[in-house]
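Two complexes, one shared chain (subunit A), two partners (subunit B, subunit C).
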Partner chain A sequence: MSNYGTTRQPGGGAPAKDKTTDYHTALFRRLSWEGTVPIEIRVDPKELPANSDRGLECYYIQAPRVSYLPLLLPEIRRFLMDVVFDEAAASGLKEEDWWFETEEGTITKWHWPIGLIFDNHTISLSVRSSAPVASSQAQPLRLILHLASPPTEKLMLQPSQEACKQAFMGQLKEADFIRWGSTKRVTGLRKLEQDGIWEGIREHNFDDYWRVASKVTPSATLPPPAPAPGASAHARPPSTDAPSTFDRDGAYSVRSIPVRVYLPDGPILQEFAPPLLEDGSPNTLNSFLSTHLPLLFPPRPPAPPPSRSKPNPQPPSVPQLAYVMIQGVVSPSEAEMGWLGVCMAGADGWLSICVGINR
Partner chain B sequence: MLSRSDFDSACQALACKLEDWEWEDKYPYGYLTRCKNYRRNSASIAEGPELGEEAELEEDEATAHATSPGSGDVISQQYVVYSPGFQVPAFYFTVHNTNGTPLTLDELMDTTLFKFEVPAGSSANGYALSLPDAPFPLLSQGDHPTLGTPCWYLHPCETKNAVDELCREVEESDRTTVRWIELWMMTVGSVVDL
Partner chain C sequence: MRGLRLEASSDTNGLNSFEDALKALDNYKKKDPSKVVVRFKAVGNAPIMKQNFYKITSSNRFQAVIQFLRKELGWQAGEPLFTYINLSFSPAPDDTVANLFKACGTDGHLIVNYSTTQAWG
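Presenting the complex of A and B:
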């Protein structure tokens, strides 16, 4: 059975009609891809090798959200070797023993995308302190670089690029499985293409990455018409095409969107997230989160029945206890899970939802 | 394929049945856990700084079968968790020396924990054990879904088909979720000494 149809052109030939990604999808994908976060890296002063040039041991990077810390190590190492370290004293340093922690003592994970590390940290800080939430100027993520004794209880994976690549491919395949019930879209790619996806991330090249990723990511088609007319029309990006045929590879045909919810300083939730609810309406952030985190995202009770004095009653408002951050952007609760999964997911195919607490 | 609630209730029932496994009801997701000891195959005494530390180590009650320090005992903390992506159980574990240092992949494969005959063409590269032509590594590292701590785990998609096949041999009346998990444990048992 071929699910590939016209969306998969061997050799990357001319895109078919539904493969011409619509303007808004491309826009959001590009925005997610080009998003960067400021990172300040400081070597633990106690671990600076002898004769290091102290005072210079801080390195600033504007790092892509979709990249990974192990991919930044070569650049950091070059800087440290060129500018800070004394060659002789630093010759014994083993990069596989390097590790990062935040100023608050959280050990940063090698296999988390940098954007996720950043958002999770920003939210964690805002929850701990009494300072106002998210000022307009992004505060850099301040990391302390340790050069030895990695805490093996909390951080097993070594910072090798190979390990990072394998973890990434594992995430991509799991996302594939969650969407379609099999990994054949990813494993069906030629080895050169699979390597190409990772190279696109390593080189941070949007076109190289999407040339292959578009073969495995669902297309951003509209959901089938909802039963309640006009119910969610305002949340969908406009498109000139009417959905005349059922798109087997579309965002709303997946079994579930690969999504994880990150609570501040806390556990990670992974739950089934169908693109459409049982009544055929699109699953939104609000419906998903009020199902799984009803205390933080209380479901909105239905509107009271109309009366003479109130012919057009609105449902009662619920307290906005928490907010959702995706790719650094606070997301509206009516955003559709299907659309988010296709336009705002990370490079590994996963939609990372960071939950913050309102003050 | 199991739902999480099926998994939860079956595991709680199993925890009553199997003495050494305990059900941990942690938020957000519960899991089975136990601790078990194994031995290094090469039975070589640990060298270097560990020796000094081990001499001072008090006899741990968990290693009650009184082996002397440095004998090659290793301690494994094991978990049965639910894999939401593959909707099946997954086996996670850690392995440590008696002084607390974790074993490398090569060391772990050289203990009585690891039963599997590694076929030709497999690769063990320090962070994962991959079989030839398989989409996922058989054994690799991941964070425990509830604790967030790094563990080794057997990739769930490798065991699912094996269990389904075993299930076909089981009488229809006996095809409960508890039975499915017991059969799953048997397939895990072909890789790891349970």
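Presenting the complex of A and C:
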């Protein structure tokens, strides 16, 4: 397995515990990278050029979650030109006028990762429809391909690969800024490396991507040990603690994890997400979401004090109104934001949290 | 018909949970009417505007800020205009002013740099 998920050690061999961290980091990064979603693309029948072979105008792709729609266009175009379109009628088509929308009329954005488009759409459908939640079989994302009159304001970008690359690099820098307050890690990359990370996405090559990404993604260190309950920070002996092996570039040293929360049909929230809370414990999905979306993720009240009849009281349960989906997977509420930010983020460095509603 | 429904005390995922969730979603959809102070700063040869500070509604997308800037500068759609936050990065066009301010605001405003050439691309 590729070595690019490793923590950076100050020197000497990595202790066994860190080798486990390396393995899990690489595993989850690989799983996120290899995730794909089914897409069904159908040309708007009203726009099919004359003499097109109707009945064949549907194209199916199992697309990588970390890729982008503009990167799929060449493949789609090849299929349509080979199989569907009459050459003469199709010669006037301009790819820069092509655009997609969902069957529900949502215009899909060129700069959103495909996995995000898919999850956001799936959740949106599940909230709107009165039908029971879909079975475990993933329903394809059904897109209508239009060949003309792009709604440029809503699309915000040209469908060109160059525009997509620029948007991607912009997101990478914004993520860098959120983490550290500067973009020097990304801007410090050589031009060859900046091109290389995009090539990794274009060619869907994990190693090529992570060769560069490992230079700008914080290392997946373990959080520093939380202070024991009741102990104050001052009581901790200063010399024997984690600070001596504290990784200044680690996941738990960032100012904030670059994270966006997508509610079905909007809005998109962006909130400060420190890796550690004020009491030194790791910030979890639960603490983050109950702070910023308390109506959907009500904070759990503390357990009542122990009594003779109930020596080990549990905190009262709260209604599970909503769930969290990251890279297509429903995530446990105790997942740590710091870890999620370096192991389950998208290729552009952003952790996309899609919120769904339980029925 | 609420009176006819049996309330199970241990049932925390009853019918009303879904409705509560929908109500919560509606609540979160409400547009924030507050405004953010945006400070436009010219870079390189870009012209400096007479007025550089503007109050822009938080819920606006950055795309709207770019269009607003174009209008203030009197520039057509085709003329090159590059915008950056804090001289650092170019935001996604659908990033909201609210989110950008929360993440990158300094001294109570959001600094938007603009230039005619790509500086930090």
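The definition used in the following text is that the second predicted complex is superposed on the first by the 319 of 359 C-alpha atoms of A that agree within 3 Å, B and C clash if a C-alpha of one lies under 4 Å from a C-alpha of the other, contacts with A are read in each partner's own complex, and residues count from 1 in each chain.
Basically, a residue touches a chain if its C-beta (ideal position, glycine included) is under 8 Å from a C-beta of that chain, and two chains touch if they have at least 3 such contacts.
All figures in this text were calculated on a predicted structure; none of them were measured in a lab.
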Side-by-side fit of subunit B and subunit C on subunit A, or clash: clash
A:Gly170 touches, of subunit B and subunit C: first, second, both or neither? both
Contacts of A:Arg185 with subunit B and subunit C, given as first, second, both or neither: neither
First, second, both or neither for A:Leu269, with subunit B first and subunit C second: both
Superposition-derived comparison: subunit B or subunit C, residues of subunit A touched: C
Partner chain in contact with A:Leu157 - subunit B first, subunit C second, else both or neither: both
Touching partner for A:His121 - first (subunit B), second (subunit C), both, neither: neither
Overlap of the subunit B and subunit C footprints on subunit A, listed as residue numbers: 109, 153, 156-157, 166-167, 170, 173-174, 177-178, 183, 187, 267-272
Interfacial residue positions of subunit B with respect to subunit A in the complex: 27-29, 84-86, 101-102, 125-128, 135-137, 140-141, 143, 145-146, 148-151, 157
Subunit A - residues contacting subunit C, complex: 109, 111, 127, 153, 156-157, 166-167, 169-171, 173-174, 176-178, 182-183, 187, 256, 260, 263-272, 293, 295-296, 317-322, 357-359
Residue ranges of subunit C in contact with subunit A within the complex: 12-13, 17-18, 20-25, 27-29, 59, 63, 85-86, 88-96, 99, 102-104, 120-121
Of subunit A, residues touching subunit B in the complex: 109, 152-158, 160, 162-163, 166-167, 170, 173-174, 177-178, 183, 186-187, 258, 267-272
